[in-house]
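Consider the two complexes below, in which chain A is the common component and chain B and chain C are the respective partners.
Right, the complex of A and B next:
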């Protein structure tokens, strides 16, 4: 067997090609792109994905930290108990029942916010003179520079038994109503807190509407209602969609409002999650509850997006 | 028969600004009327008052004798072609054109049939399924026209509809618009600031200035017999000489010149004499009623035409002539004789 000793020139030539390949690889757009994304990816990774990953791992762990980490599915088993599920005994599905209630409340709050935001943003974005638009938007936004706790508490004297509304009712000779510590109070509080998250993106869409499009529709015989249905609604869909996502997600995560305004029977899913972290110190179970909510919200948003896209293309046709 | 559109003392104020200052006019059915004027003269506001997008501060708007002053835009028998076209970006070409019919409750099959007819009329066959942003500016313009015409309006209002097109396309569309108007026989009210466009297309032109109508007339009337100094100055090019009218001598004194005119103004009235550059002859014959000696200041050769700037004392004049009609083109600082017929000098009251 003969060994071929490569000559020095040969090695040098190979090294040169290797270096060239390496340099062109490093110099390629893909690597440059990745390198330039590096800082933002690291920041996002550290402050965003790492905690979520930690929670995810935690949700599969045992409760005791003394025995060290042991893999278990018991937390997810507690949320989806097999016996009541198989026997259709849905009343025993404590956590899923609360989750359904939370999603229902979020849906109400989102719909009411959307319905309220349309006239407000249409008026400010199209009807009001340009000079008054910013001041009016500021009026809507200024209360939200104070703490949401203060803003939530401020509803108590309005809704309470001897509060503002009941005071007015009794003055005109009507029976006082139980408003505070009811689901209605929770809904009112959530709508009030989350309305700006609907108004802002919707206002951006409204302000972007071309007044000539509305006039053209009127000129072609469209009444106010039809102008809204045919022109305003489809052209502001992107803003409405952004607002719906904001408000829905924020509502599913609400726990202060149901506690303060909803009363002892008004707790929602997120109250249980928070109590796992704050009172019972069962972080593993709390993490599992969080992940169920995350998964369901993502699934709903995905389905809504698919539905919106197919609706949009159907309208095009 | 009542006028297709009539404005009676229509006034529109925006705060302190008077956009339309007591305008009255009548537009006959089937007429192509152009509202012409510089920007800010109130022509677009006048059009929007007719369309129903603005309510007059005072006065009456009538369509075929019927008072529509307070009627909303959607109930008027007029349609507007917008300067920006205002095509609905989320609808196809077909849906845009059929929009007016949809609003009137015409069923889908009938709508589609009429949309196809309209696409043929504006020469965009088989484009009904295109989206708006796939179209060129000229095509969008045609869609905007079709969207208005499909409703068979008795009056079509057009707000500088060709403003965004390049010159060549503009010329073609001018002819096409005129043809469509003649074919359909409906009243067109057309807003433009382009006098050439107005002269080319209109049956009648209304010259607007500062919210008021300066003159309404056929294109040649407006050009040949301007009613005011503004009209003479605004339409085409003219020599405007300010002076005083001497009724006894029948002349207007301006600087050192005493220009003979035919006029029935008061003696001593402050007037302007307007003489179009092409009406002034170089080296006029003896039969020409008014001639004068002047100095050539500048010569602008324009191919078929030659423009000669001359002066007499302090008075400057522009003379325009066909280059080939001249035996020799004079040189700068030559002394030449020019002249014009007295009938070509229009005397206008000075405000």
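Right, the complex of A and C next:
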């Protein structure tokens, strides 16, 4: 029974090597990366991706819980009912009809946003003195960061029955118009809310235009139209594509705008999806409807990626 | 040249028109918040006075404020760490994939996420209310905070850190005395963006908020659906001023 008492020096030496290995372990990029990125990745994984996955599983389930889960395709079948599809009774395609309506609205909104964005981004990016560019862009971005709910209903006092526009119309002796609670109001609201998503990426590519290019073309006698068509348009394509994608996706998923401005006849796809969760408690069907939308969104993103749209520029809100 | 001046004037008019389009509705809300009784162009603080008695709005304002503070602290902290991880450390190797991972919540519609969170909170018996809203807002805000930090760190001059280390400072001291002060603008920007995003967020709160826990956007949504009451103009003006102010500061910080 002889216990070897290690000398103090021994312990110290061992502690030093232990500390050194520990430090090199903690100090390694791998661990640092794990410690710094790990929390965010797990938070996003558990709180973001898990709910999306749960929704996906539910869309194939018979009941609105995961216990007693039974696989079924009936919800997707209800969205794409075969009978009306084969007999061309398209009026019976309630959900697909609404989806088509939403996609059509998004298309209009995207086109209008694109047309509105070209002059302002070209002007700020190429015509305005360098010193004013950033302040002007800030002026575009600031309202963008304020409450979208407030920005949505700020159109009510303008469009309502006795609102600003009808007030002006009656003062000059014209008949008032029904503007609020119409598809037009939804379209205006969507363009208003989403315009900056188009302006920002488009401006990024406008600012990247080389003024010398344009001047050279003009010196060689090209008309403005030709300069626009042959220089500005092709070079700003990536920015425009990013804007188109973001505006389109956001408009297709719009719920607040059609609800507050569209009125009872202005409901769009998302209104029906929301009611599956909040009114009829048909979560499985709501989940299936959501994933039809997500599939469209992912298809658009995939196609855009293939075509080389610079999505990164629009990602920052 | 006359043709060109026409084009220039056209561009100028279109730009001015777009600015009017962006600002007129907000300006009208502010104008209406100061109206007196029935005359739309008067000036009074009546609607602000009425706001003081609108307890449901004030309660909602207080709740939104508290949620936004909690979300801001958590998301900014996670965002700083994530930014450091993405820019500095070689793990994981594929930075592009990590950035894509963080961008997914920004790209996919938030409303679908709100459905998912709604379903999961029910299934795991997480009570609807403030805690569920905070959870939802953290993941909604975190990608913004992380990306603001990434862009801040990419412009960062790491030679200053090396100099501090060369002069004998250890990693901790360098982080505290050099890295953090230099990153302060980005951190503040991330925090302010996080606050406004959470403060103004509606869809997630609408789905996982409870009967007792009603945030300001939820309350405003209900009020607008029932028909506008005058206090909505005054509270909206306050919201606009607050979020526009914070966004302005944050954008300045981000660009500095």
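Keep this in mind: the second predicted complex is superposed on the first by the 243 of 317 C-alpha atoms of A that agree within 3 Å, B and C clash if a C-alpha of one lies under 4 Å from a C-alpha of the other, contacts with A are read in each partner's own complex, and residues count from 1 in each chain.
Keep in mind that, in the parts below, contacts are C-beta pairs under 8 Å (C-beta built on N, C-alpha and C of every residue); 3 or more make two chains touch, one makes a residue touch a chain.
Here the structure is a predicted model, which means the values were calculated and not measured.
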Report task. Pick one for A:44: touches chain B only (first), chain C only (second), both, or neither. Result -> second
Query raised in the report: After superposition on the shared chain, which partner residues are touched by A:250: those of chain B (first), chain C (second), both, or neither?
Result: second
Report task. Please name the chain, chain B or chain C, that touches the greater number of residues in chain A. Result -> C
Query - Touching partner for A:58 - first (chain B), second (chain C), both, neither - result: second
Query raised in the report: Does chain B (first) or chain C (second) touch A:205, or do both, or does neither?
Result: neither
Query raised in the report: Does the superposition put A:222 against chain B (first), chain C (second), both, or neither?
Result: first
Report task. In the overlay, answer first, second, both or neither for which of chain B and chain C A:234 touches. Result -> first
Query raised in the report: Given the touch rule stated above, what does A:113 touch, chain B (first), chain C (second), both, or neither?
Result: neither
Query raised in the report: So, A:102: does it touch chain B (first), chain C (second), both, or neither?
Result: neither
Query raised in the report: Do chain B and chain C land on any of the same chain A residues, and which?
Result: 315-316
**Report entry** List of chain C residues in touch with chain A within their complex
**Finding:** 3-4, 7-8, 10-12, 14-15, 18-19, 21-26, 28-29, 32, 78-79, 81-82, 84-86, 88-92, 98, 101-113, 115-120, 123, 135-136, 138-139, 142-144, 146-148, 171, 193, 196, 199-200, 202-203, 207, 217, 220-221, 224-225, 228, 232, 236, 239-240, 243-244, 246-248, 250-252, 255
Query raised in the report: Inside the complex, what are the residues of chain A that reach chain C?
Result: 27, 29-41, 43-44, 47-48, 50-55, 58, 64-66, 116, 119-120, 122-124, 127, 134, 138-151, 153-158, 164, 192, 195, 224, 249-250, 252-253, 255-256, 259-260, 270, 273-274, 277, 283, 286-287, 290, 293-294, 297, 301, 311-312, 315-317
Report summary line: Per the touch rule above, chain A residues touching chain B in the complex are 210, 212-213, 215-223, 226, 230-231, 234-235, 315-316
Report summary line: Touching chain A in the complex, chain B uses residues 51-53, 72-74, 78-80, 82, 84, 86-90, 92, 99-100, 103-104, 131, 147-148, 151
